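Please find the structures below.
The following pair of complexes shares a single chain, chain A, combined with chain B in the former and chain C in the latter.
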Partner chain A sequence: MLKVKNLYHSYTKDDNYAVKGISFEIKKGEIFGFLGPNGAGKSTTQKILTGLLPLQKGEASIAGIDVKKPTEKLFNLIGVSFEHPNIYSKLTGYENLEFYKKLFSVPTEDPKVLLKMVGLEDAVNKKAGDYSKGMKQRLVFARSLINNPQLWFLDEPISGLDPTTASNIKDIIKKKKDEGTTIFLTTHNMHIADELCDRVAFINEGKIEVIDSPRNLKLKYGEQLVKVEYKENNKLKRERLSLINDKDRDKLNKLVNEGKIETIHSQEATLEEIFIKVTGRGLK
Partner chain B sequence: MLNRYFALLKKDIITGVRNYYFVVVIAVAIIFALIVNFLVPEDTSIKPAIFYHVEYQGDMRENIDEIIMESEREHPNVNRVNSREEIIENMKKKDNSIGMFVTESNGKPVIEFITQGYENKKVINTLVLSMKNSINESLGRKIDVKTNILNKDVEMERIPFNKSILPIFLLTEPTMLGFVLILALVFMEKDEGTIRAYMVSPGRIQEYLASKITLMIILGLISTIVCTGIVVGFNANYLALFGLVIVGSIFSSALGLIIASFFDNLSQSFIWVAAINILFALPMVSYLLPSFAPTYIKILPTYPLLFAIREAVFPTGNVEIIYSTILTFIVLSIMTFIVSVFSYKITAARD
Partner chain C sequence: MRRILSIFKRDILSSFRDYIILYMIIAPILLTIGFRFFIPSAQSAGLQFAVDAKLDTEIVNEFKKYGDVELYGTVDEIKTRVENIDDIAGITKNENGEFVLILQGNEAHDTKEIPKMIIREIISNEDLNVEFKVNSLGLEESPVATIGTISLILIAILIGGIIIGFNIIEEKEANTLKALNVTPMTKFEYIIGKSITGLILPIIHVFLILWILGITEVDNTMVLIMTLASSLVGIVVGFVVGIISSNQITGIANMKIIFLILSLTIIGAILLPQSKHFLLYWAPPYWIFTGFKGILLNTATWGNLINYIGWIIGLTFIIYIILRGKIKKGLA
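What follows is the complex of A and B.
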């Protein structure tokens, strides 16, 4: 669905690259997570792919259409949800979607249905400029679905939303994936990436460090740990034991055999920990 | 493509209405018309220039010279020339002027007043009358006075001063209005970031810009109709006037779009906006002071536009200036529109 090869971008048009030779592919129907700290080059990459920045160097194509020469067809099959809500503040929520709908020449969704889906049914006729930040964000999210995009770009779709709304938005993303939509998800929230993404790319300082499924990354980089609580000499003790380290494994076996264990939890490495391990830096 | 244009236009009109653009434009036009009709005096003290030649050599010559000398003292613009032909020549060069020619018939002086035919009748009548009176008084007897009109085919009266500033309003408001208003509109969308949302849709820059220009044309026409309607009623050549306002609006708003593409807000672009506005307003000086028309003003596109608008509002039969101005502006509009599309293609992607 999306192919990117050796993509470079410099805002200053010199050797100072914000994106340095990125390559990846997204298969149809996949949710691809684009993870990295602030300033890593995530938005830059997304902007090139959506035609907001010129493609300076490298290759990129969406559904076989060269991003360098974007056609109307290309824009008809993508949907873009922006990190910073950008809506016509003088128009109502409904008018915003109604207007945007008419820009497309493919079958489109009913604005009212979309607004209801993101929980804005009570604000349909309210000026979007008077929406709260979270409402604006949901309006932009809904707008990006108006043309039933085949490739859906999401930039931080749930940051700043309350838990209920966030979970509603996550459900919509999952539902769209089940319907076959390919999703490019940009975020620095590892939990969301872990929960939603089929594969993730770790991007740092303009380069992709690793691409794999969250599960594989955990298997590959994450030490599998168990957290045990056990009694020894009538005292409660807590310990984290690795399942890979031989010494720890022996100790765990011993504790199990002696029947001293009171509680035991497996503890997987988080994507965040793996990210730090791979890139040598944190996400924040 | 047409669908998208109309969707954009609908959105821009709603935005314009909710930003009170329509209300303001209509209110300004009404206020201006009322000022013109009721507050600006019909005539100003600008007196026409007088060109004269005295051919008469009889015994009353001295008295006549005296009268002329006296009026020369009161009236700064009295010029002696050497023949009747020269009077007419000078008058042709100077719009606001009358001529006086004193000749002899049967040994008696005959005074001929030559007028342009479109002077304000009040001014001329009082002038001629007062001269007649003083001549009669000083000579103690009646002499013959003829009045000769140069442009007999011109039926119109000279435009009263207050109404003559209507074309200036029509140039600055409906026509150049788009220049500033469109900047405000674009900056608002840049601030909202909606331009980026538009850029990732199938909508194209041309449609986006054309819709904004269309809104400016609509506002311009409304302003024109309201103001011209109140000031001159049905006497204007509305068809020509609409044509001029439309092409002028396209040109000025496309120019505004070019400026807007390089900046993010009004304060950044202020110098440019002010400079261009002043530049395009310069022809008004020549309009009010016809003798001041240096080349650098004449080459400004608003120069012919202003005079073409006057011709449309106060027709004198010179339709050529209307056609040629519309043609010039069609070319200019196409050029500025193309440039604006390119400047957006280059800058809109910019963050």
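What follows is the complex of A and C.
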């Protein structure tokens, strides 16, 4: 569905690359997580793929269409949900979607159905400028579905939403995946990535460090962790120790030998920890 | 085409819900209504006479040749009529059988002078040896009326453009352009869609202005064509204002600068002797001014008009070429 090969981008048009030779492929029907800290180059990559930034160097194609020469067909088959809500504040939620709908030349969804789906049925005729932040975000999310996209770009779709709404949005994403939509999900949120994504790419300083399924990553980096609770100077201490790291192993041996351990569990690493391990830096 | 119309319809819908833009749409109409009170004569299509009913039918008929005649029984009634807001000259005879002209004092030149000529003609039985067009509305004799009307038209044309600018500012502030750029909509469709507002509003405004001022004896086709050509200037100005202004406040500031340039051109056109007018040839508003002046005074030929329009389109095109890169970049 999406093929990216050796993608570079420099905002200053010199050797100062924000994206440095990124390559990956997304298969049809897959949810692909694009994870990385602030400034890693996630948005830059997404902007190139959606035509908002020119493709300077490298190759990218969506459903076989070269992103360098975007056609009407290409825009008809992608949907983009923006992180920062960008809507017409003097138009109602319904009018926003109705206007957007007319820009596409493929069969489109009914705005009312979409608004109901994201829980905005009571705000259909309210000016979007008067929506709360979370409502605006859901409006943008709903808008990105108006043309029934085959490749759906989502940028932080859940951040800032309350738990119930967030879970509703996650359900919609899963449902769309089941219907065969390919999804490119950009996020900092490792839990969401873990829950939704078939595969994730860790991007750091403009480079992809690793691409794999969350499960494989955990098997590879996670199973050799143990969580121990032990007493030291009459104080309870908790620590996570790796079974492959020599220093950690020595410490664990010492704790076992000294008989200080109170509880011990093998621990699955979170994606976040794996990320730190792989990139040497945190996500935030 | 469907996309172009959607963009136009959205702009109009949004504009009518924006307090500042709505005000800008109404402003030219309010200004025109206000202006109407300064040029009472413009209200009537021709000259008006309040004639004493006791005068001979021949005399009354003579006045009817040059304008509308209302008959009144007494001198007091004539005086009351003359004191009304519009321009009308009262005509009666005194006890000695001499003609008496009753005027309020603020009448346009024609309202004062033409009855005198008619009376002279009646007395001397000579043909009226003066070229007088019933449709002149006093515009020829009243530079204030002419310049005022053209200024209103110019304001209306620029406002059409400024409204485009403000809609672009809104898109920039809300970042909605990004959302549009990931749809099949092309930049060309966007620019054309936005431009329609700058074409349609001025047409409505200009004809409303002429109608409110009672200026009906002009070539409407000429007015239409001249308005359309002039709107191009407004549209380019609108896009430039939209692209260089980051919010409504700077938008208003930039608009003021443009109105200043516009005013200077018009003042130049009024004050400079004809031989120095070439100094203003670079300014599209000068050609708009000249064109509308010719149309309003019924002196412009189609040849003149094509010449003016050529200048307007040519200059606008040059400005567009210079700013094209900036406009395209500003809409990315």
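In this section, the second predicted complex is superposed on the first by the 240 of 284 C-alpha atoms of A that agree within 3 Å, B and C clash if a C-alpha of one lies under 4 Å from a C-alpha of the other, contacts with A are read in each partner's own complex, and residues count from 1 in each chain.
Throughout what follows, contacts are C-beta pairs under 8 Å (C-beta built on N, C-alpha and C of every residue); 3 or more make two chains touch, one makes a residue touch a chain.
Remember, it's a predicted structure, so these values are computed and weren't measured experimentally.
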Three-chain arrangement built on chain A, chain B and chain C clash or fit: clash
Touched partner set for A:K102, first chain B, second chain C, both or neither: both
Touched partner set for A:L114, first chain B, second chain C, both or neither: neither
When the two complexes are fitted on chain A, the stretch of chain B hitting chain C, from 6-14, 60-68, 78-86 or 96-104: 6-14
Where chain A meets both chain C and chain B, residue numbers: 50-52, 72, 75-76, 78, 80, 82, 84, 86-91, 95, 99-100, 102-105, 127, 140, 143
Complex contacts: residues of chain B adjacent to chain A: 3-4, 6-8, 10-11, 14-15, 18-19, 189, 192-194, 196-204, 349, 351
Complex contacts: residues of chain C adjacent to chain A: 2-3, 6, 9-10, 13-14, 17-18, 170, 174-176, 178-185
Residues on chain A engaged by chain B in the complex (per definition of touch): 47, 50-54, 72, 75-76, 78, 80, 82, 84-91, 95, 99-100, 102-105, 127, 140, 143
Chain A residues touching chain C - in the complex, by the definition given at the top: 50-52, 72, 75-76, 78, 80, 82, 84, 86-91, 95, 99-100, 102-105, 127, 140, 143, 147
